[in-house]
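Note that chain A is present in both complexes that follow, paired respectively with chain B and with chain C.
Showing the complex of A and B:
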């Protein structure tokens, strides 16, 4: 059974040693390799990384939505102390997904069923988890649509997804994710597909809802601007591994891993970069199929030395709550 | 256009249903001289090679032709949905087994498959329907499978799973509605084609047997006197073409109506 929320201020979600591998013809893709982190109650954790770094697979692993050829090889995912990996599929469906943990997807254009009305889909959670009929769920659904800032919610309940703009669809997706008042919201790049102006609105909405529902937020993004405005804690991933983790202040004030530093340098500043001098991290991200020995960032790292080829760095504390997996940081201590 | 088509089909169905009450003559009895031209005496559309009234036979024959078009197509669509969706959804060796078996039918032309089935069984209305039913399944099932495969990978399926939807909910609320629409459109256009196929089978003597009235059969009987009495062939031919066309238009209209992106408020 789940513990009473908010009695202890321990983490709402604790992921320990998660390994999610995809067994492909070319070899085993170590999409998520030995990843551990916590999402504190009422906190926002941002997972940052490039495409293919394992951010989304981490989120899908938490939801138990890894399909073959993917497999969770090892680890534990504790939600209120209960290991989700031990649960049967029907328990996950009935009790966890959409009920205790809600998920928001990247592309609001294709993440809604085109054959049913917005209201029908937002109400789905109430139908699935509370056993209400769609008629019974209607008023509550309209209230939630209003809560996520959809004007004229009563009338828009009966519209189809194609009649909504991208921003409105994302609001509808958020409504569907929060309708059962989950204590953990997972948002997988919720603003990537949206206009900049809409992005800010959606981010503010997510922050407001998190407080209103007293829930925690796990946000996956590659946008450091999003991280700066939303996160309490940050996790930087590269090629399936955590390279650095810490509070948002630690990340932005004293980034320790060359990859984190590189990412921060890549942020485009409208003021200073009008001359077109963009910083880049050279090379392409390593695809962790049979990654071999040594650091997974070594081929792109400008500060590589002999030890990086031999030995894979482990996460070591730099200061309280701030960890990095880099030999440079190791020799510094 | 599709509205005109629907009205036309409705009218034809109504007239054929009312055949016993409104047809001017008995469909099996000679009521005029052989090959009487249209608009002479008591036969409005003329008489056929046996002196039977063509208008009467058109009304009665429409029943058979419509049945051979509609019923096998509807049944084949239902079976194809089952086969195609389970193949597409389950995937793997199950998919391979089902689809490769159906591929065997693709090695032969549709008409040939129907002829073989009709030839094995004794000729008759039931045989025509079975033949068309069997011949159609590979075509529709293939479309169902590809549609299922593309719908299955849509992000909204994953989103549904993330909201805790059971597999049955995924299949019936997410997969099925998004698969049925394009398949229905396809099946509707097939109805017209299958009426032609049914007529072709009757024409070849594998389907409905004389003296039963059937549009295809009427063409078959009329061809022996094509030069002396072309009307005996032309009128049933026109009916087949018009009804087949109308079903095609209905299919187009359905596609517009069932695609929610095009659905007007």
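Showing the complex of A and C:
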């Protein structure tokens, strides 16, 4: 085993210039606008940003699950170098979704079909992608249910979702997402709907599974504590744009975009101010319908200047691997 | 589950009582009475009075109803004023014919309605969806008698493919095939409004289910679209479709009156029509009671099936 020809150290996922727009009655909503990033093999990338910034739409675009009135307008989504946007729907269904890329959703209460047993839904990947019968898949499924920490898995296989607690349902969702051992796991706020005590367990489980399966993780979260403990790399989104990206150290040590700084301040304030006042970034997030000229954060930015109104900042390197889209960081200013 | 069904059965009683009182009052409050049917318009007042006395029509409304009710509670629907038959003997065979017609109509309505709704939902908001639902809307809102006449005109009179009236041919009548041939036109005519409703409900409940998070989760596991429609969504769309299907079957049982009259189908609806015209109150009461009973029983069955289909209620009810 001197050399392993199959090991590919390039990024497992490379998103280039992704534009996902929703064509609504009031105009075109640029939910994801020219977004590019990579998920390194074996790495965890966290996407953070306020509500409506386009995190979920980014994830759904990768899965090919954008429905009308939404549409992917441009870009490339390269999974092991293969552009998923070039694939037909049946190829995505047959080869990619649930097989090579697994996804976990925010709300475990509504993400399981109430009419089918847990086992039925978790085993689905094996039936669809490995061509097993339900009976053949059963033992393997029970093993995976055990792996995600569901006690008494053999008996619970035949239970229905309403007989599961929220935490157990999310474990089942995770089991369904990993059953074919995908090399990329996408988790969209997997703990937001859960009790605080269970959140930590689920996060630990995700980290363990990622290592065990040798997969990479794309994690969407609101919680910067989660970012600090899990991420290798971080992507900060605002109003459909990436405003800053870099390693987790770069993000926490030298946040460069006023928006990132604002997000971090929220956390620090919440920790220091025991009176419970929680300072969020003042103002409401911009909804990118016909966003107009200039920076999409300018209306809420305390440090804006003339150029911010005129010109949309582009993502530029600040240091190696650390990018920000802000005129303040542009050395040419 | 047994207790639940029992409770539901008990709750049927006040419904039937209410219906029978309502029909009884309507029949008595409407102008005209059975004496004209029996004696003709020229009869003398004395002859009329004699009949009225014999039938008990001179008693108070309450006494009349009470007499009828006590008999019904003993399983006796009374005697027809016009036909001099037991109401039960008169009505039951006709009701059976109505059940045949209504079942055939329901079957057509379910097949056409479900298929149209399914296809429309799977291509929601496309041109074919719009055309399909537009056609269903027009068919569904066309007055039944007009639709019936058009069908008769085209299939029976112009093209002479199918018989327009009756249940069996007079010459070589009998066999199942003959009944089927006679069924097609009346069943289709009464089925179309129900088919339109079933189509609309099927499409709407499908679209609602297809928007659910668990459908997206299933797609994220690679479940192909066809399987989503046939399996994942169907199970959850089914209760709404079943419910409207049951209601439509009940509605058809009562609603084939028009069709039966137009197509001279020897059913309870046809009988109901002539009994109302003839003011034959015991027969009207008997038929209405049967139809109402069938209506509530069908709905009960649908509810039980639905409770059983949904694992949440199934486990909750299994404790009973």
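Points to keep in mind about this one:
Just so we're on the same page, the second predicted complex is superposed on the first by the 318 of 333 C-alpha atoms of A that agree within 3 Å, B and C clash if a C-alpha of one lies under 4 Å from a C-alpha of the other, contacts with A are read in each partner's own complex, and residues count from 1 in each chain.
In this section, a residue touches a chain if its C-beta (ideal position, glycine included) is under 8 Å from a C-beta of that chain, and two chains touch if they have at least 3 such contacts.
As the structure is a prediction and not an experimental result, all values here were calculated from the model.
Once both complexes are superposed on chain A, the partners chain B and chain C clash. Of the two partner chains placed around the shared chain by superposition, neither chain B nor chain C is touched by A:20. Once the two complexes are overlaid on the shared chain, A:245 sits clear of chain B and of chain C alike.
Contact with neither chain B nor chain C is seen for A:221 once the two complexes are overlaid on the shared chain. Of the two partner chains, neither chain B nor chain C is touched by A:141. Once the two structures sit on top of each other via chain A, chain B runs into chain C at 241-249, and not at any other stretch of 25-33, 151-159, 169-177 or 241-249. Where the contact sets of chain A with chain B and with chain C meet, they give residues 63, 65, 90, 92-94, 96-99, 102-103, 105, 107, 110-116, 124-125, 128-129, 160, 162-163, 173, 176-177. Per the touch definition, chain B reaches chain A in the complex via residues 154-156, 158-166, 169, 173-174, 177-178, 181, 260-261, 263, 265.
Within the complex, the chain C residues that touch chain A are 125, 212-225, 232, 235-236, 309-312, 315. By the touch rule above, chain A contacts chain B in their complex via residues 63, 65, 90, 92-94, 96-99, 102-103, 105-107, 110-116, 124-125, 128-129, 160-163, 173, 176-177.
Contact residues on chain A toward chain C in their complex (touch as defined above): 60, 63, 65, 68, 89-90, 92-94, 96-99, 102-103, 105, 107, 110-117, 121, 124-125, 128-129, 160, 162-163, 173, 176-177.
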